[in-house]
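Note that the chains take the letters A, B, C and D in the order they are written out, and that residue 1 is the start of every chain.
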Amino acid sequence: MRNVVETTPEGNMVLNVGPQHPSTHGVLHLFITVNGETILNLDPNIGYIHRSIEKMCESLSYRQFIYSTSRMDYLSAHMNNHGCALTVEKGLQVEVPVRAEVIRVIISELTRLASHQLWWGSLAMDLGALSPFFYAFREREMITDIMEETCGARLTMNYIVPGGVMADIHPDFQRKVKEFIVQFKSKIGEYHELVTNNVIFQNRTKGIGILSKEDAISYGCTGPTARGSGLSCDMRKIYPYSAYKNIQFNEILETEGDSFARYMVRMREMEESVNIIEQLIDNIPEGEFLAKTKAVLKLPKGEFYTRLETARGELGVYIVSEGGTTPYRIKFRSPGFSNLSALNHMIKGHKIGDLVSVMGTLDLVIPDIDR
Amino acid sequence: MSFLSNYIKEVYGAVSSLLIGMKRTGYYLTHNKEVITEEYPEFRAKMADRFRGEVVMTHDAQNEHACTGCSACELACPNGTIKILNKFDITPEGKKKKAIDSFVYHLELCTMCNLCIVACPTDAIKMSQNFEHSVYDRRLLTKQLNFPGSKLREGVE
Amino acid sequence: MFSIENILNSFHKWLGSMLNQTNVMLIEMALIAFFAITLFAILGLVLVYLERKVSAFIQIRKGPNRVGPFGIFQTTADTLKLIVKESFMPDKVDKFLYQLAPFIVMITAMLLLAPIPFARGVQIWNINIGVFYVTAVSSLSVIGILMAGWASSNKYSLLGAMRSGAQIVSYELSAGMAILSIIVLTGSLNLQDIIASQENGWWIFKGHIPALVAFVIYIIAVTAETNRAPFDLAEAESELTGGFHTEYAGMRFALFFLAEYINIFIVCAIGATLFFGGWMPFHIGNWQAFNHVMDFIPSSIWFFGKTFFLILLIMWFRWTFPRLRVDQLLNLEWKYLLPISMLNLLVMTLIAIKGWHF
Amino acid sequence: MENEPLLNSLQTGFPETATVMGSDWPEMSIESTQLLEVIAKLKGSDDWDFNYLFCETCVDWKTHFTMVYHLSSTQYRHSMVLKAKVDREIPQIESLVKFYKTAEMLEREVYDLFGVQFLNHPDLRRLLLTEDWVGYPLRKDYYDPINMIKL
C-alpha cells in the first residue's frame, strides 16, 4: 500500500480532488496535501474547460461576442451579457431607453435569485442534505419559466443586445413575476427551517474557512464572499449602472468572514433581490425597448472598462478597441477566479469535510474561472 | 452549575432545530399532492412562444418562402452555423435573378442566440419550439431549411 | 390457533416422524439457509424500494413508477442489472481482500438474523445471550469495510474505511449502553425473555423518561453504526465520492448495498424488540378486553410493523439532515451521547433496583 | 476621490510620468522598470491608498506588451489604471505578489497566455494550459493549425 499511495517527502498524503468530483460542480482539480483528515495545502489546477473565450471574442463582432459570454458564468448569464452590452454602449455612447434599463435590472435580479437558489440547493446537497435541492428547484423553475417566456431560453438567455434588449417583455411577465414573489416569500421560511437553523449545518459552517477583511482585499475577493468578510464591494452601490441609480436597496454585509457569514449574505441577498424586483415590477416605464444603432457597430479607438455585479461578485469587462468592427483585446475579470485564489488561505488546517462547505459557500462556477 | 445548564440548553436547542427540520420534511412525506417533476415522454411541456429550439424557414401553402439569399443571417451568425448557396434563376423577362439554391443549417453548431432571426430583413426564418434534437447520425443535424421545389414569394425583395 | 409457530411445530413433527434426528436437523438447516437468503433478497428489494419512495415523497417527486404498478418491480430490475453487469477489478487492488470484503459484510449481516424473533415462537436460534450475540457480531462488519477500503488501493476508499472504523467502534459504546439499560430492567439477555417481560406494556412506556432517552440514543447510535446519513461519513459522496466502495461495481457493490439495508433491518428489529416489545401486541396493564383484541392481530405483523416504523424513522433522518464532519461525529459520541447514556444507565439501574418501573 | 481631483493629485505626485484621463478613470503610463516604485507609492500613500488590485492583464500591441493594472481603493472608492510597457522580445516585469496576493493567480494566467516573465513570483507555472504547451495563445502572432477553427 505504501508504494501505491503518493506521499510528500514529509509523509503526507496528496489527494486529488477532481477533476471529476461531486463537490466541485464541474471540472476543477485540486491537489490537496492531507495529514490524516487535516488539509495542509491546496493547489488548484484549473483550465480543464478553458475555451479561450477572450481569444474567440477577438474575431467576433460587437454584436456577436455577447452571446459567448453567457457560457462563462452560465448561472448569471444575463449579467455577463449586461456587462458586455454596457461596455459597448459606453464606447458607442448610445443612450439606452429607460424601459430597457428597467427590464435589464429585473431580469438581472431574477437571474441572481435563480443562481442563489441553485447555490443553496447544491450547498445543502454537498453537506449531505439532499432534499433542499428539490425545494430550491421548485422556486427556481418558476424563474426559468419566466425567462423562457420572455427571453426565449432558460439558462443562456442572450436577451441583451447593444442598445437595449432583444424583445419586449412578454404580456404575462409582470403577473408571473408577482406570482413568483408571493411563492418565494412564503417558502423562504422553509429554507431557514431546513438548513439555516439546523444545528448540524451551523456546526459545519460556523467558524470554518475564515477570511478576514484584509485578506479579502488582498486576494481581490468580491461578491458575497467578500461581503461576508465585511468588505463593502457591491458594484450596484459603488458604480450604479442601469436602473440601480434610482432604487432603494441595502448592501448586505456580514462581518464574521466564515462560511456561515457568506451563507447568510446570500440568503439575505435573495430577499433584497425580491425587494428590488418589487420596486420595479409595477413601474416599468412605457417606451422603446431598443435604441437605434447602426447595423455594423464600430467602437472608437480606446479602452473601456465596466464593473458590474453578477451573482458571484464583480465582473470586469475590459475592451481595447482599435476602431474596427471587432475588439482588439477583451479581458473578462471573472469573480470566481479571484475567489478561488483565496481558497488555499481559507482551507488550511481544516478537515476534508470543510473543503466542501468552504467551496460551497464560495459558489465557484468552473466555466467562469476557466473562461 | 452554569456549565450544566449551558450543556442542557445546547442539547435542547440542537434537538429542537432537528425536530423542526423533520417536521417540515415529514409534512412533505405525508402530503404528496404537489409533485414538481414531470413524466417526460407522456407529458411534453408546451414550450413558450419565444423559446428558441432551432431555426426553421417559414413556407406558405404555395411552398413559397421569403428568403432572398441576402446572407445577412450568415454574416450575423457567430459560429458559422448558416451557409447559403445561391443560384441564378432566369425570369420570364429573360433577366437573371438571384435566388437561394439551398439554405444549409448546421444544428450541431447552433447556440440558439437568435442573432440570425434579428438580422433577417424579410422575416424568412424563425425559431421553432422543437427541443428534441437527438438523432442517431450526426449528419442528420445538418439540415436544408428551404423545402425542395420551393421558391421566393412574389413581392419580397 | 392458526399461527406460524404451530405450522413450524407440526412441520418439525412431520419431519421427525419420517427421518432420524440428524437428517431432520440437516434438512432444517438447509431450509433455514434458504429462508435466510430469500429473506435477504426480499428485504433488500423492499427496503430499497421503500427508501426510494420515501425520498421521492420528501423531495416532492413521484419516485419509481415505470416498472410494474407504482414501480414496485424497479428494484428487481435494478438487481438484475447489477447481477449481469461486468464485475471488473481495478488493476492495483489486493485481489484476495478485495473479493473477500463484500462477503464478510454480507455474512456478518446474515449471522445477525439468527437470534431475531420474527413472530411468536419463530426464531432461528433461541440463544440465551441473544442481545450479547447481536452486539458482538454486529461489530464484525467494520472488518469488512476496513478490508474493502484498504484493498481498493484508493485514497478515498482508505479515508472512508478509516472514518468508518473510528465511527463504528465509538458508536458501539452508546448503542451498548442503551441496550444495557433495557437489560437491567429485564435481567436477561435472552430476546424471548425480554419480549415476555413486555407482556403488560412496552418498555418505552414502562421505563419512564430514561427508557425514552435510551431509545433516542439507541436510534442515533445505530444510525451511525449502519453508516446511514447523517452519519454516512464512510461513503460521504460529496467528500469521498463513494468512500470504501468507490472501486466496487456490479454484484460486489450490490452486496455492500444490500448489507447496509439488512443491517438497518436488523438494528431496527433489535430496537423494536427491546423498546417496543418485538412481536408482543400492544398491551396495557391488566385491561384484559383490550389486550385480547390486540392479540387478534398476528404477532408477525406486530413485529414487522414496529420494525418498519423504525426503518421509516431512520430513512426520514437521512433525507432531512446534513452530514456531520468527522471530528463532530466523534464529539457527538464522546461528549454528548456517551455521558448522557452513562448517566441514563445509572438512573435506569436505580429505577430497576427500586422497582419504580411499571 | 472623484476622477478629476484624483487625476490632478496623481499628476502632481508623479510629475515625470504621463497621466491622462481615460474613458473611465485616470490612466498612468510607466516603464516596466518603474513598476515597484510606483506601486509602493500608490499603495503606501494615505492620499491614494490603492489597496485593491481588481484586474491585471496584458495587451499585445505587436511591437510591445502593455501590462494593465486596474487599481482601486476600498477606503476612498476611487480607481485608476496603471499601464506598464513591457519589451516584447524579453518580456520581463516585476511581480506584484508582495503587494497584492491576488496577483499570484492573475500573473500566472498572464504568463500562461502571453509569456510575460514575472520576476520574484513565488510560483510561476502554467495555469490554464498544460505544462508542455508550446506558445502563448493570446499573442497576436499565435497560430495553432489544430485547435483554431477558421469559420
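Following the convention adopted for this analysis, a residue touches a chain if its C-beta (ideal position, glycine included) is under 8 Å from a C-beta of that chain, and two chains touch if they have at least 3 such contacts.
These numbers come from a predicted model, not from an experiment.
S.K.: Most remote chain relative to chain A, going by C-alpha centroids?
M.R.: The chain farthest from chain A, judged by C-alpha centres, is C.
S.K.: More C-beta contacts across B-C or across A-D?
M.R.: A-D
S.K.: As a quick test, compute the distance in whole Å between the mean CA positions of chain B and chain C.
M.R.: 51
S.K.: What is the distance, in whole Å, between the centres of chain C and chain D, each centre taken as the mean of its C-alpha atoms?
M.R.: Once rounded, the distance between the two centres reads 63 Å.
S.K.: Based only on mean CA positions, could you tell me how far chain A sits from chain D in angstrom?
M.R.: The separation of the two C-alpha centroids amounts to 25 Å.
S.K.: List the centre-to-centre spacing of chain B and chain D in whole Å, with centres computed as mean CA coordinates.
M.R.: About 41 Å, centre to centre.
S.K.: Can you pull out the residues of chain A that are in contact with at least two other chains?
M.R.: 131, 134, 138, 194, 198, 200
S.K.: List, in ascending order, every residue of chain D touching at least 2 other chains.
M.R.: 151
S.K.: Which chain B residues sit where two or more other chains touch them?
M.R.: Within chain B, residues 18, 21, 24-25, 28, 36 contact more than one other chain.
S.K.: Check the chains against each other and report every pair that touches.
M.R.: Final set of chain pairs in contact is A-B, A-C, A-D, B-C.
S.K.: What does chain A use to touch chain D in their complex?
M.R.: Against chain D, chain A makes touches at 46-47, 50, 52, 54-55, 59, 90-91, 215, 217-220, 222, 231-233, 238, 302-305, 307, 314, 316, 318, 320, 328-329, 331, 333, 337-338, 340-342, 345, 370.
S.K.: Chain A touches which residues of chain B in the complex?
M.R.: Per the touch definition, chain B meets chain A at residues 13-14, 17-18, 20-21, 23-25, 28, 36, 47-52, 76-78, 111-115, 118, 127.
S.K.: Hey, which residues of chain C end up touching chain A in the complex?
M.R.: 55, 58-61, 92, 150, 153, 155-156, 158-159, 163, 229-230, 232-233, 236-241, 319-328
S.K.: For chain A, which residues are in contact with chain B within the complex?
M.R.: 60, 63-65, 67-68, 131, 134, 137-138, 141, 145, 148-153, 156, 158, 161, 166-167, 170, 190, 193-194, 197-200
S.K.: Flag every residue of chain A that touches chain C in the complex, lowest number first.
M.R.: 1, 4-5, 13, 15-16, 21-23, 37, 124-131, 133-135, 138, 194-195, 198, 200-201, 203-204, 351-356
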